[in-house]
Every structure is written in structure tokens, then in C-alpha cells.
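Naming follows writing order (A, B, C and D), and every chain is counted from residue 1.
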Amino acid sequence: MNATPPDGSPIDAAFVRRWLDTAATVVEREAAALTELDSPIGDADHGTNMRRGFVAARTAVEQEPPDTPGAVLVAVGRQLISTVGGASGPLYGTLLRRAGKQLGDEPAVSAAQFRDALRAGVDGVAQLGGAAPGDKTMLDALFPAVDAMSKALDGGSGTADALAAAAAAADEGAVATTPLRARKGRASYLGERSIGHQDPGATSAALLVTAFADTAREAGA
Amino acid sequence: MKMLINVPETVVADALRGIAAAHPDLVVDVEHRVIVRKGAPFEGKVGLVSGGGSGHEPLHGGFVGRGMLTAACPGEVFTSPVPDQMARAAAAVDSGAGVLFIVKNYTGDVLNFDMAAELAEDEGVQIAKVLVNDDVAVVDSLYTAGRRGTGATLFVEKIAGAAAEEGAPLDRVAALARQVNESSRSFGVALTACSTPAKGGPTFDLPDGELELGIGIHGEPGRERRPMMTSGEIADFSVDAILEDLRPDAPVLALVNGMGATPLLELYGFAAEVHRVLAERKVPVARTLVGNYVTSLDMAGCSVTLCQADEELLRLYDAPVETPGLSWGN
Amino acid sequence: MKMLINVPETVVADALRGIAAAHPDLVVDVEHRVIVRKGAPFEGKVGLVSGGGSGHEPLHGGFVGRGMLTAACPGEVFTSPVPDQMARAAAAVDSGAGVLFIVKNYTGDVLNFDMAAELAEDEGVQIAKVLVNDDVAVVDSLYTAGRRGTGATLFVEKIAGAAAEEGAPLDRVAALARQVNESSRSFGVALTACSTPAKGGPTFDLPDGELELGIGIHGEPGRERRPMMTSGEIADFSVDAILEDLRPDAPVLALVNGMGATPLLELYGFAAEVHRVLAERKVPVARTLVGNYVTSLDMAGCSVTLCQADEELLRLYDAPVETPGLSWGN
Amino acid sequence: MNATPPDGSPIDAAFVRRWLDTAATVVEREAAALTELDSPIGDADHGTNMRRGFVAARTAVEQEPPDTPGAVLVAVGRQLISTVGGASGPLYGTLLRRAGKQLGDEPAVSAAQFRDALRAGVDGVAQLGGAAPGDKTMLDALFPAVDAMSKALDGGSGTADALAAAAAAADEGAVATTPLRARKGRASYLGERSIGHQDPGATSAALLVTAFADTAREAGA
């Protein structure tokens, strides 16, 4: 396995598995905070949902480690669909499955290929959930992340820098959901009262993107 | 917040073991979280599958039995079930006559049932779906995920269940279910927030002198907070909110539903006020059901659901039903 | 404490109006506070009259109907009814075959039913009485008013009601009722105190990390306070408290009863634990009933009642019943 | 009507009706406190119970005023039985009915006759409820009250002084229930935990006896 790929090197199965590890750890740590965010404008389960899904995904992937980055993403996506429930299960499941499928059977892919896969996944989320940017959903972190990654790659950044840019944009996007009025998901029932609270799904999306950036940084990718 | 539980993680599995222990007429798959009526599939009969987050008991598991649901899929507390559950349930209840999915209109439920329908159809099961969206508290549907499914679910499950029991074909059962949904409206009020096991405390703050108008059944806050009102004032407000949207031209079925922690004594008093308002508004009432049917864990509060019922709906509503949560006329 | 009421003074009357509105099969005399099964008296059949303080719904009014009570007399909240009510009920249900009074063993209930029996007998109605006293939490009967009547009341009313429905004579119905009581034991636990409308707040203080073991159904504190326990620990404690007093030599009927505010989801989980303990103690379970049947307003908590049932009791328990609160096998 | 009987003068219907007025007023005023006492060792209804009964009794007696002291007591007792419920309804109802019956048809009775009537009533309570002194019930106020009244009359006191002595003894008796462990009624379920609380029924009994003393004092009896 390619434990420490050189800067700019391709993204392989081991990389995605390290991401899964990091993401699962972060979700575990932030679960209570995510549930807390889901209390005033939701039903107080987002952290529990995400934790359940990532525990299951990590276990499944550890037991039968797929050997392409695409297959790992598909496996994680399938686990999320089968264990999370709620809105976030099918949405995150679709994000990762679409991204994984887009990567095909390649044993390793470039940052640009990875960006294209993420874009396919994010488009899948938008299509499935019918939400648009500004609706106060996870898309408000995901769209900016893909855009920032694109921009960085176009400007010549390596994988790690491009993913770091994506993470920063996702974070910003999540924070920027606070003043928005929700139009999709459970928070939309609150109407005006959804204003002033950060969206839990956008927050978890930023965590997942940041986990990619951290994985790349630690790998020196 | 104290709860009668072991650990939050096993709440749903523990409850399923209890349902299995108490109801020999139900086949409970604790591992895969599916509750099926014993003897299913029933030759020539449409299967009815519903499901949703746990915490609304007796909905849905308590409505599995003769004349109502054929199977139910409980998710985690306030979290829609996963597609695998509904696909498994569909396979268990399909006699070849097809299966109706009864889905409350929440993003999570809709997405997970949609995925389940794809899985089931891949296995050759014919699936129809009905979306329940009766909650008039959700206005402005351009800017929301649409109206929530709440109390009307009981009427949909009861009436579609009676039709399926009589051997009606899938398109007829589905059409009846849609008619019931379109004829039903609900409005709910919370006096307290509920506490989920995972959170271990109330899901929102509601000071002592105030109530939430227009709540859902997931511990979400409502659309508006007001100083505490009397039972009569709440009845006026709730019924009027419904009648603004639905002017019944037939006698109504009325569900006066408790959210969980409101004593039955109070619910009956509230039912009297609902009847008073309906009489004042000249809406005749055909049937009244009072109790905790579509709950929100330990929330104190109530909801009103009205369903305008033509003679066929009334006949199917009155038809025999024998489930843990609803039973009559057998 | 917020309640879904108009004013505390009219809570019982308001509820009676709601019961009248919801249940056309019951004749509700709101002024005199008597709920009678429609069509009573029934030729040649023993009448069954019970009653007690309000706040325990569906007990007793919710158990009036075919195969159970013929009439119920609700008192003020947690206050036994007055003799005039039971005398009136007895007159309304007596077909000449006599009337059984089912009385929970509380000083107030006993005194008021005794006075009612005198009044009814003066009017020529033959009265028999059964005292329900199943609560093992009340020990040391030399130093107390004796064991309280709690969950076993449901079994007594169900089984005596089935016998009366079959046309058994008064002495037989009374003997069966006494047998059920003697074969039954209960134990209850509170996680929170309840709030009465008159007091407007909790009837006792129960800090967040503690529970009360051995509570009654009137918001009285229990015999012992302990740090909070898990569902499994509470099941162990409750079942063992019962089995210390009753070693069943026949399969038991088990009632896993909610005190009012504990979600059904939690009650089912608790029922699973009760089954586990009974299996460990080698006590076979014939039937299990899970739900809010003998409540204490908005108290969170639960009780367990076990009734050792010979074949005749089991047959009568399974017999058809159709009441607002209990209905099966019709 | 004998609005202000001279010291030592007989007790007539008007006297008992003034007592009823005073008692109803006091019960109204103390209802919340009685319910409060009934919370830690009971079911929090004693004040509401007493109020309901005395409102009904006052209304009934005002509508059809009986014309002997015995008949007034019997009427009040009957109203309490028909409207109070609980343990206290039949017990107080029996107290007053027995006392009233003991007075017979006399249009006016002496303090000694009245004392005998009270004793008959208190015996009726003991018989009906099966409680003994020291069981932490209303009897712990009632028995001392009758005894003190007897002693005062034997010592030559007039009606007002004898009833004042009764009231003082009833008060003392009520206070003295605090350290007792209840053996009857609802408080007995608490076992040891009933210790340290004053009995609500003993407290209301002291109020009713005090109302007699106040009536006599105001009448200058």
C-alpha cells in the first residue's frame, strides 16, 4: 500500500481509507455538537445519525477493504444508505456512491479526477434532494468546496493545497448558512425562525471535506 | 432527563423485543427491524407497509394487524428507517398483488422509501406509494419541504388497510389512501418539548408560561410561540387553522391525539372543546377518536386531525380492525 | 406546570363531556358523574360498578362496555367518588341479578363505596363488594391502611366482566373477582412526580438523578428513593418484589403499565426486561399487556402486575371485550 | 333568631349556622395550605376537598335553613358526604351527622349537651375509620378537643371558654402529629417517611373546632 504518496501523487484506495478513518474519528468527536445544532432547527439526531453511519462504514471497509478509491467510496456510500436513515443517509450515501462510480475501476486517480468525482456526487445530492445553493443545506458547504478545489487546481495547486482550499470554502459555506432561511429539510418548517442557526448538515459536510484535506496534508499529498 | 431505558443505543431494539414478547400475532425481526403481521403474505391481498422514525408509538408497529398494516419498519428515534428495511418488508408481505408504501412527507422518509421502492421493484414487487402531508402548520410550500405527515397517517392506514383486507386491488387501495390524505388536515400544539434518548434532554426550550403552536411530531419547535392558552382557546385555534384550509362538505372523522405526556383526562376535556368549536362552525362529526396514537415521545400537547369522509370512507373506517394500537368491531 | 385544561374546577366535567362526545356506546351523566354502558340494565346479568378518583384514565370509565364494567363513577382528581354516584350507578345497571362493586383499597374509596352499598341496599339492590389490594410496596399491613389497589384492578374488571357477560350469578362473579385479586400482585416506580390540576404543580419533589420505588397511583411518594436505575434494574427490582410475595404455580398474566408520561417506546423496552427477569426466575408468561391503563396523570414511570391465572381465568381474560380502553377478540 | 346569646346561653340553629359561615370562610382561606400539607404525605387534595364540601354545605343550608342546631349539623354532614369524596368526606360527614343526631330536635342545647354530641361524633369517626389516637389522623385533634372541652366545663367554664379550650387542644393535637408515623389513611403507605409532617386532616379538624370557639367568642357565648 502507498502509505505516503509524494506531493501531487495520485489518490488511491489507501488514501480514501485513511480519509474514512479520519472522518469517522471526527464525526465521533463532533457527534454531540452536530446533534446540538440539529436541536433548535431540527430533530436533534444529526450527530447520532452520522456516527452510526461512519461506525458501520469503517467496520465494513475494515472487514473487506476494497482496492480502488472508487470502490471504497461506493462501499462507504452504501453503508451510509443502509444504516443512517433520515435525510442525511440517502444524501451522503448518494454523494459518495456517485463520486465512487465516477472514479470507475482506476487503482489511483489524479486530484482533477477526484474533483470531477466530487462534483458528480454533489450534483447527485442536488438532484436527489431538489435543493439549490442558499436553501440552507449541506449543499451550501459542498458546492463551494468543489468550486474552490477546481479554482485551486486550475491555479496550479497540488492535491493537498486544493483540498485545503476546498475545506476552507466548505467551512465558510457552513458558517454562512446561519443567516439563511431554510427552504429544504426539516428546518424549513420553522420558516423565519430557522434564521440565526447554522445548518447541521452543512457543518458535517465541512467536517468530511476537512477530513480529506487533513488526510492529504498528513500524507504530504 | 430520566428515561425508562437501558442505554440510548439499544432503545429501539429493546422495544422490538418487548413488542415480540407482548404480541404473538406479530412476527418481529429485531435484527432487521421489521414487524410483520403473522401469516403474511396473504393470498390475493395487497400488502401495506409503513414506517418512520421511532418515538411515535403506537404508530406504526402498533397498527400492524388485521384490517390495517401488513408490516412496519421502525427507524431510530425520530430518524426515518433505511431502505433495506422497507425492501425486506415488501418482500415479506407481497402475495403478488403488490405493496403500498405509506410514507409521511419528510425528506428522510421520502428519500429512503424511494430507494426502497427501487430495490423492491428490482426484486419484482409492484410498489405504489402514498405520501401523507396533512399538517396545515406548514404553510408556504414553495419555501418548505412541503406539509408534514402527522395524524392523518392513522386514517390512511386504517382506511387503506380495510380496503386491502377486503381484497381491493393495488391501484384502488392506493387511490383510497390518497383520497384520505387529501381529505385530511391536522394541527398540533406543544406544551413542553420532548426529550430524545440520544440527546438526553429536551430538544428545545419552552418556558413555563408559553406554548408552541403548529408543532410537528419530531420535537421540532413550532411556527409560533404564545403565552399559555386554555383548552378551549387551543381548540378554537387548532380547528380554525384546519378549517381555513379545508371546508368539509361531509361529516368528519375527528382524531384528538395526545403527543405522549398529556393525561387522557385532559385529552377528553380537549375533545369536548373540539366538538364545541366544530358545532359552532357547523361541521358535523361522524366519529371521534381520542388518545395517544401519533405521539412525540414524552411531549405534552395535542393535535387535531379532521378527515372529511364520504360514505365509503366511513364504511372502511368502521370496518373491523385488530392491532395492538387500534381494535374494534371484530 | 402547564396543562391542557380550562380551569381546574371543571376538569372532570370537561372530560366527561369529551367521553360523551367520543363514545356513543356510553351514556354519560355529566351532572351526576356516572358513565353507564348503553342498554343497561341487561336482563339476567350482574351489573359491574367501579369507580375511584379521576386521573387514572382509561381506568375506570374507559373500561365500561361489553365484557367489562357496566358503569363507572369518576371522583374528583385523586379523590374517591361520593356515595350518591355509586348508588345511582347501581340503580342504573341492576337487572335484578345484583351488582358487584369493585373497590380499590383506599380509605376514601372503601368508606364511600360502603355508604353507597347501604344506600343501594335500602333501594332493594343486592350488592356484593370486592376489594382490590395488590400493591406489594405497602408492607407491614398492621401499621398501614393495607395494600393499595393498583394494576390488578384491570384484571379484576376484565375477568369479572367476562363472567358477568356470560351470565354468571353474583356470588360467582364476586368469587372470581376475589380470586383474581388474591392471585395478583403489583409494584410501581416513578421517575417523576405528577401534577394535579388543583395543585398546579408536582405533588412531590424528585430530583433529576433519583427515582421513587414502590409508588402508588395518586402521586404519593413511594417507600424508598434511590439513584436512577436502568430499565433492566427496575425490572429486576419490581419483579423480585412481587415474587417475594407470590410464587406463581401457573402461567401469569403480565401487565406492564405506564404511569402516563412514559413513552410507549420505553414501556415496550421495559416489557422486554420484565420478560427476561421472569424467564430467569422460571415463571411462564401466558399473556402480556403493555400500555397506559392505570395511570397517575402525567407521572413518568411504570408498574408491573402479575396475576397467576388458571385455565378458567385465562379463558375469561381472553374473552371478547369492547370498551374504549381495552378491546379484543370481538 | 338569637343573634347574640348571653354568656353561657344555649347553642341554637343560628349559632351553628354562624359556625358554618366561619368554617367555610376559614376553609376557603386555608385550602391551599391544607393541600400543601397533603402533598408530601398524601395526594394533594385535602384543601380542595374541604372547600368543595363547605361551599356546598353553606349553599344548601342557606337555601333551606334548618331550625334546630342538630338539623343544621346533620345537613352539613350530609352535604359533606355527598360532595367531598375521599377519606375526609365520609369521616367529617359522619362526625357532624352523628353529633347532629345526638342533639335530636332540641331548638337549643347547652354546652354540655353540645360536648356530648361532639363526643358521639368523634366516636363515630373512630368507629368508621378504625383509627386510634396516635395514628396521625384527624382524631389526634378531635379527641383532645372533646376532652379539653369536658375538662373546662367540669371546671365551670362557659361555652366560649370551653370551646376556646377545645380549640387550643385541637391545635396542639394537630401540631403533635408531626413526629408521628401514620398508621391509617394514605400517609401510612409512606411508613417511616410519614414522620416529620403535620397531618392535613388533624389540621383541618383544628380549624373547624377553632371556628366553633370563634363563633362563641364573637357571640359572647
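Heads up, the rule we're going with is that a residue touches a chain if its C-beta (ideal position, glycine included) is under 8 Å from a C-beta of that chain, and two chains touch if they have at least 3 such contacts.
Molecules present, by chain and UniProt name: A, D = Dihydroxyacetone kinase DhaL subunit; B, C = phosphoenolpyruvate--glycerone phosphotransferase.
This structure is a prediction, so every number in the text was calculated from the model and none was measured.
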Return the distance between the CA-based centres of subunit C and subunit D, expressed in whole Å.
33
Subunit A to subunit C, mean C-alpha position gap in Å, rounds to 55
Cα centroid separation, subunit B vs subunit C, in Å, comes to 28
Note: subunit B residues in touch with at least two other chains are 77
Where subunit D touches two or more other chains at once, the residues are none
Taking chains as nodes and touches as edges, what kind of graph is this: line, ring, star, complete or other?
line
State which pairs of chains touch, listing all of them.
A-B, B-C, C-D
Taking the complex as given, what residues does subunit B use to touch subunit A?
53, 75-84, 106-108, 111-112, 114-115, 137-140, 143-145, 148, 196, 198-199, 203-204, 216, 218-221, 223
So, in the complex, the side of subunit A touching subunit B is made of residues 35, 39-45, 47-49, 52, 81-91, 128-129, 181, 183-186, 188-191, 193
Mind listing the subunit C positions that touch subunit B in their complex?
1-7, 10-12, 14-22, 54-55, 57-58, 62, 77, 191-192, 208-209, 211, 228, 230-232, 234, 256, 260-273, 275, 285, 288-290, 292, 295, 297-298, 300-302, 320, 322, 327-330
